[in-house]
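Structures incoming, each one as structure tokens.
First chain A sits with chain B, and in the next complex the same chain sits with chain C.
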Partner chain A sequence: MEYIMMIFLIMVVVVGLIVLLTGYQITRAAADRSDRTQDRALFLLKQVTTHPLFVSEEGVLDDAKLTALATLPDGCARLEDLFGPDWFLEVETLDGPGAACAQTNYPACGRWELCKQDARAVAYDLPVNVYRNAGTILARDVLARRDLAILTVGVYGR
Partner chain B sequence: MDGNCLSARRRAQSSMVMLVLAIIIVLGMVAFLFGLARTVSSAEYLNLYAHGLVASVLKTDTGYTEAPCKTVADSLACAYLTPSYICGGQETCADLADRMVNASIGRFAERKESLRYLLTVEPEGFSAIGGEGVTRVELGELSLRKLRESRISAAERLTGFFGGQPYVLTATLVLVVR
Partner chain C sequence: MQSVHEVFKLIFGVLASILILGVILTFVGNYGNAQERSLEAAALRNVIKSAGDVYVSGNGIPFRGVPNVTFLPGDPPTFRTPDAAVPVRFPLFFRGGEDLFLARSRLDMGWWSFSYVTATPRLRVLFSPVVGDWQQVRDIVSAFPDTEFFDPKVTFGVCDGTQLREQLCTGQACEQRGFRDLPLEGLFPAVAPCTALLPADAILITLSSSCPQPRGVCLTPPDAGGIGTLFSADRALGYYYKDPVDVAALAIGGISDVTELTLFDVKNEQFRTELRLAAEVLRTRILLITPSFPAISPCRPDLAAFLGSLQGLEAILGDEAYYEQYPSLQALLSALGDLRAAHESLAAKGCDY
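On to the complex of A and B.
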């Protein structure tokens, strides 16, 4: 009787261990995938603040470049060719008009969205400047200006 | 060897095996729980955020077009060197720097709740103690100066010319994000 009980207990323990190890592996795989997504989002955040495609100097995004990218019909596809698929960026100035920039309302706008989709994403935000090429329009002059903005870069978790 | 002795030995062996199995189960559960408790390090992001915040605030234009007051960095240097200088005939450098830094970082604090800050501007490498005039410009929560734990700091160098003289100052931002 004792042997039967012991064998039964050993079986229970072995099955339990298998379940535990499988669960552990699944959890580790999910955590690794999540870590990779976060690392990619951080990498893209750094890329956007330094890549000449977006900035006029490090940490200062150029509003003309952003508007051009946002209004290009295949702007997102071109960015995905460079930086990979399933990511987005959003820039919003903290003061001034919050309308999305297009060819018709530039420079009276303050928001740019590239590759934005309605899907779950891991995103990070970062304080940046936006170089407004036509920041202050005077009677006889147009002055550039650096505005405060918030940059959000995210990776869709598929 | 009689039956009772044999039975006692078997019970002892069974107990040993059970004990070993119990230890294995406990170890398995500990490993499982460690797997669940993900250790996502946000230190890299917070560091990046603090550096981005101090750099972007310093580069922001104040609205004045003349050199000592054009950017927040200019106004901070002016607040250190000649705090009573009047920008555009309206406000002193010290007031402008205070207003701009509070407004700029305040905007980010609205988005990140419980963001507390202290921005310090002082000469690079040394600071005068007990002398006349401004030895250090401090904006924000002064209590963060003494806080040693759970704070992030980022520094930027301010260089330029003021009244024909070159200056090198360090702006250090201390952030506490809960």
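On to the complex of A and C.
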């Protein structure tokens, strides 16, 4: 009888250790997944501030390009072909008109949204400059100004 | 003499020990395998993450301890280990090896630039320009990474008949800049077809008027339209090439073991996807900014020309198989040339950045 009890207790300890290690692995896998989501969000943030689809020069977003992307009929799907699914971008100028930019109100606008959904996301904010086309001098030379804005790039999912 | 009860306890104890040991050993074995695969998967993700950092920053880095991965061309291209599959969402020219150098290169078209990352082990790129177009050789060299101050190295040399001529830069193997700066026309007035035995880390690139049985990669000189033919030892059919990056993609990537696709196919598909979206975005951009120029502005004609060329480019790139058709490539190169000229004119006049 005592031998059976002893074997039972040993098995309980062994199974307990197995459950503990498995639980640790599951927790670590979830943490890794969360890290990967954050890494992807950070990578997308860096891409948006350097890729010529969005910028006039590195670190300076182009308002006309953002407006074009935001108003393309399948803009989000096309961006997902390039940069992957389940991410979004938002730019909002700190001064000036806060209306969402469309082709009808450009350049009197100051907000752009791409692939926005109502879902949980991991996002990063970054202050950026936005190149604004403000007309011309002598009918030729472009008069440009730079507005300060907040860029938010996020990845959906935990 | 032991009683039956004693014998039973003995046998039961042995069986129970075997069971417990079996459970422990099985779990330890599985856990150990899982940990090893998990480390491999983590290493793969680190490689891709590092390549992504190189893509956005432009700063090359070496990377050591790369796991054994399978590259699957597709949409998107994927790198696999037994336990992980990591998609790559930027152009990455990958050649396997334990130690790699990650670097970013660019194909500059004036109005746009197509960036890509190369991940290369120690490579010896040997040219055999039987048809001696050394400028084309220099252009192809520019499409490979510059490994100066880094390891592993990508070096360049010439295969002349049975001889490998590599120590061309003050007695040492040449890297990108050193090889481009050499007076190659004077050093090699004529080059015999390469018949030398090639080392395992060598890539042979032959320039010839015909490529019947290519070793490595063989290309014919581009015609008046800028298009040539590219052959690989691994595949019977050739490809049309239009820029040096096409040559580098095929030379570095080869042909996938799993699919019939090559890095050449992946590069051209990514090129199409990016350029098509760029053309549409820039076209809309031009439409948005044009009203800010008065009707008499000297910028208007150039803006209209730029717009027209962008529309043409969009139409050409609407065909997925554009890079396999000579007329499409001809039209593409013509449109890219027009766009470069229109953009340079706009910039020179101060009409755009």
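Just a few scattered comments:
The criterion applied here is as follows: the second predicted complex is superposed on the first by the 143 of 158 C-alpha atoms of A that agree within 3 Å, B and C clash if a C-alpha of one lies under 4 Å from a C-alpha of the other, contacts with A are read in each partner's own complex, and residues count from 1 in each chain.
Just so we're on the same page, contacts are C-beta pairs under 8 Å (C-beta built on N, C-alpha and C of every residue); 3 or more make two chains touch, one makes a residue touch a chain.
Just so it is clear, the model here is predicted, and its values are computed rather than measured.
Upon superposition of the two complexes on chain A, no clash is found between chain B and chain C, which fit side by side. After the chain A superposition, the centres of chain B and chain C are separated by 100° when viewed from the C-alpha centre of chain A, nearest 10. Of the two partner chains placed around the shared chain by superposition, chain B and chain C are both touched by A:21.
Residue contacts after overlaying the shared chain place A:108 against neither chain B nor chain C. Of the two partner chains placed around the shared chain by superposition, chain C is the only one that A:72 touches, whereas chain B remains out of contact. In the superposed model, A:10 makes contact with both chain B and chain C. When the two complexes are overlaid on their common chain A, residue A:46 makes contact with chain B and with chain C alike. Contact with chain B, but none with chain C, is seen for A:150 once the two complexes are overlaid on the shared chain.
In the superposition on chain A, contact is made by A:83 with chain C only, not with chain B. Legend: residue contacts after superposition of the two complexes on their common chain; A:119 is shown touching neither chain B nor chain C. The gap separating chain B from chain C in the superposed three-chain model is 11 Å, by closest C-alpha atoms.
Judged by the document's definition of touching, chain A residues 10, 21, 46, 135 lie at the interface with chain B and also at the interface with chain C. Of all the residues in chain B, the ones that touch chain A in their complex are 10-11, 14, 17-18, 21, 24-25, 28-29, 31-32, 35-36, 38, 40, 44-45, 48-49, 52-53, 55-57, 59-61, 65, 71, 104, 107-108, 111. On the chain A side of its complex with chain C, the touching residues are 3-4, 7, 10-11, 14, 18, 21, 25, 32, 36, 39, 43, 46-47, 50, 52-53, 56-57, 62, 64-65, 67-69, 71-72, 78-79, 81-84, 103, 106-107, 131, 133-136, 139-142, 144. Touching chain B in their complex are the following residues of chain A: 2, 6, 9-10, 13, 16-17, 20-21, 23-24, 27-28, 31, 34-35, 38, 42, 45-46, 49, 59-60, 94-95, 124-129, 135, 143, 145-150.
Those residues of chain C that touch chain A in the shared complex are 9, 12-13, 16, 20, 23-24, 27, 31, 34, 42, 45, 49, 52-53, 55-57, 76, 87, 89-90, 112-113, 273-274, 277-278, 280-285, 287-289, 292-294, 296-299, 349-353.
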